[in-house]
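This is the structure I have questions about; it appears just below.
So that you can tell them apart, the chains are marked A, B, C and D in the order they are listed, and the count of residues begins at 1 in each.
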Amino acid sequence: MVADEKATDEALRERETGRLEAFSDGVFAIAITLLILQINVPLHSTHLFHDILLSWPSFLAYVLSFSVILIMWVNHHTIFRLITRIDRRFLMINGILLMLITFLNYPTAVLADYLTTSHAGIALRLYDGTFIVISLTFNLLWRYASYDGRLLGPEVEPVTVAAITRAYRLGPLVYTVSFIVAFVSVPLSLAINIGLAIYFAVYGL
Amino acid sequence: MVADEKATDEALRERETGRLEAFSDGVFAIAITLLILQINVPLHSTHLFHDILLSWPSFLAYVLSFSVILIMWVNHHTIFRLITRIDRRFLMINGILLMLITFLNYPTAVLADYLTTSHAGIALRLYDGTFIVISLTFNLLWRYASYDGRLLGPEVEPVTVAAITRAYRLGPLVYTVSFIVAFVSVPLSLAINIGLAIYFAVYGL
Amino acid sequence: MVADEKATDEALRERETGRLEAFSDGVFAIAITLLILQINVPLHSTHLFHDILLSWPSFLAYVLSFSVILIMWVNHHTIFRLITRIDRRFLMINGILLMLITFLNYPTAVLADYLTTSHAGIALRLYDGTFIVISLTFNLLWRYASYDGRLLGPEVEPVTVAAITRAYRLGPLVYTVSFIVAFVSVPLSLAINIGLAIYFAVYGL
Amino acid sequence: MVADEKATDEALRERETGRLEAFSDGVFAIAITLLILQINVPLHSTHLFHDILLSWPSFLAYVLSFSVILIMWVNHHTIFRLITRIDRRFLMINGILLMLITFLNYPTAVLADYLTTSHAGIALRLYDGTFIVISLTFNLLWRYASYDGRLLGPEVEPVTVAAITRAYRLGPLVYTVSFIVAFVSVPLSLAINIGLAIYFAVYGL
């Protein structure tokens, strides 16, 4: 199997990154669309308008997660635009990233269901905790690809690499802050999450 | 981060619109297909044929939303056929549009569940209200892209731009009419919705 | 809007069919995959193995619908391989076809839930009725595209067109037979459905 | 229909494998993403953190199935990279493979629900049994494509073919072992499953 392994690895290194990017895009598109299934229609409601308004945590969680996944998709594309080849380790890290982004559906649903209960803090920490792991994985993916120009095209400037590395450092930090704040104040932690989504959407990562 | 921002923006401006269009198409295709999950199978029915017939509001809401999303996909493609580059703001407006189109699953399910109840008016106004916001976002997307030919190819004729601008103006108007009519008569508002879907399908927007 | 209409129609006629085919493929892929959500996991089962075996109608309905959608995808591709342009009417008929194929999830779920009840006949007729409508729509799509070579490439031989037209005629007929048989004998109608799926898979339509 | 059959077969043989690969990728991407829907949010929990921790079998099943489907996607791509044409039989075997990979959602959900019950052994055998059938189908797909170089490009070396054939032989064997071990020890069988996923991810099949 050693020979096979080597042949496969060689081939992987050479093949264009296009198919992996298309597959990743597919997972992003499905994960972002499945978020809508987490908003439950009120059952046998006798005050429909009121009950729809009461679902605001579901709407908020939907808009928040949709926005952040979209931003992450743009960032993911930024990485793929700069790399020109992939290897098995990159494939693995990218796979873990896709797994986590799909997983985001779960903390989103928990947040929607428990935001107005006494368990809001736990729900928010699960949500922010997931983002901490996702942003760390993004850093790993980028650092692995860019270290010593490993998977990058020859035309990529060191200054571009340095700027992206610097920008990506921000994610784990801010979500850790929001995670910690959720122990003290749920509304403040929620506000940080909303603010971050708007900031990233407007200014980019 | 300013340097990074500029580099990223520059790159965004240059890259072809192809990948964004493919991603948007993916979201359209998933959002339109998920609609089927909103039709519930009768549970432990003792009069299956009768109970399936009683599900007609689900079937109607399914056909209606499927048709309108398909029409919006055609319109979305019309815009993308005319533009030759994208920037961050266009990316954001397009993201909001995708979020709203995916969201349409929710008002569709509410409409299906409450069309034959005394809350039909609320369900219809939620449904039409979503369409008002969607058609306004479509207008924003198109106006942002076409203003002063910002993102359009040089070969696009001003007369084409003007015709599309004129046609897009119709959407928010007719859905506002249907929204208001739903306060007075549910069947009439529903009829307007069905008529609009058929009109747009046959004649285009 | 007449000018816009004409410009749009012209453009539609000219643009390659690639994007419509990719979008259709996406809907096919999602509709076929969503079928799995209709198989319910036994809840709090105390005889898990037994309860899984009891789910055989769900497994059968899954395999049957998955097979038929896959066969329809191959047929859909056959049509798209022969056409070189699309127009608005073709777009509409194709949209109705996609709507029906996505809809198939519903009769599949009904069949799974009621196959072992006294309502099996109704479930089967709903299932076969859907196939009758789908195969009629397939015929419409093909006849519209091929009539007088309307949307076909110039290299397509009349003999190929005639052979496909002949083959497509079969679908509505056989599903009507199965539909009628379901009034008399559920097992026989089911056997016809299974036999048809195997026949089409092995020999093609 | 014989003439049609022949024409269709000829055409199938000639058309590039690209569209089938894209369709397969779509099914892979959707099947892998739908896994998240199997993790249920605790309902009206009064000890949310505790209840989330109690969901560990769902998380484990999610990570395990996501990893294995991703590995299978890589393997699927390896096959498609080496073949240059497809025929009807290949299309059928590939269809059965996609059906089984989508089906994996069901045993994953059963495993998640019953891993901590006395029915864990049955759930694990259903899970491993599905993998046995999937890996046998993978072997069939590869052997059919590679036998006498039937569908392979002329540049593919016999040594590469032999290495892949040897590697693919492993799958059915190890999952049969895990299947049998599940009769004796659930934790050991589970450990084998986890170990296999890690091994395949790190070293490739």
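The rule is simple: a contact is a pair of C-beta atoms (placed from the backbone, for glycine too) under 8 Å apart; a residue touches a chain by one contact, two chains touch by 3 or more.
Since this is a predicted model, take the numbers as computed values, not measurements.
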item: Partner chains that subunit A and subunit D have in common; value: none
item: Subunit A onto subunit B, rotation angle from CA fit, given as a multiple of 5 degrees; value: 90
item: Intercentroid distance (Cα basis), subunit C paired with subunit B, Å; value: 25
item: For subunit B paired with subunit D, centre-to-centre distance based on mean C-alpha positions, whole Å; value: 36
item: Where subunit C touches two or more other chains at once, by residue number; value: 22, 26, 30, 34, 37
item: Graph class of chain-chain contacts, one of line, ring, star, complete, other; value: ring
item: Chain pairs that touch, as defined at the top of this document; value: A-B, A-D, B-C, C-D
item: In the complex, subunit B residues that touch subunit C; value: 22, 25-26, 28-30, 32-37, 39, 41-42, 45, 48-49, 52, 62-63, 66-67, 70, 73-74, 77-78, 81, 159-160, 163-164, 166-167, 201-204
item: Subunit B residues touching subunit A - in the complex, by the definition given at the top; value: 1, 3-5, 7-9, 11, 15, 19, 22-23, 26-27, 30-31, 34, 37, 88, 91-92, 95, 98-99, 102-103, 105-106, 109-110, 113-114, 119, 122-123, 126
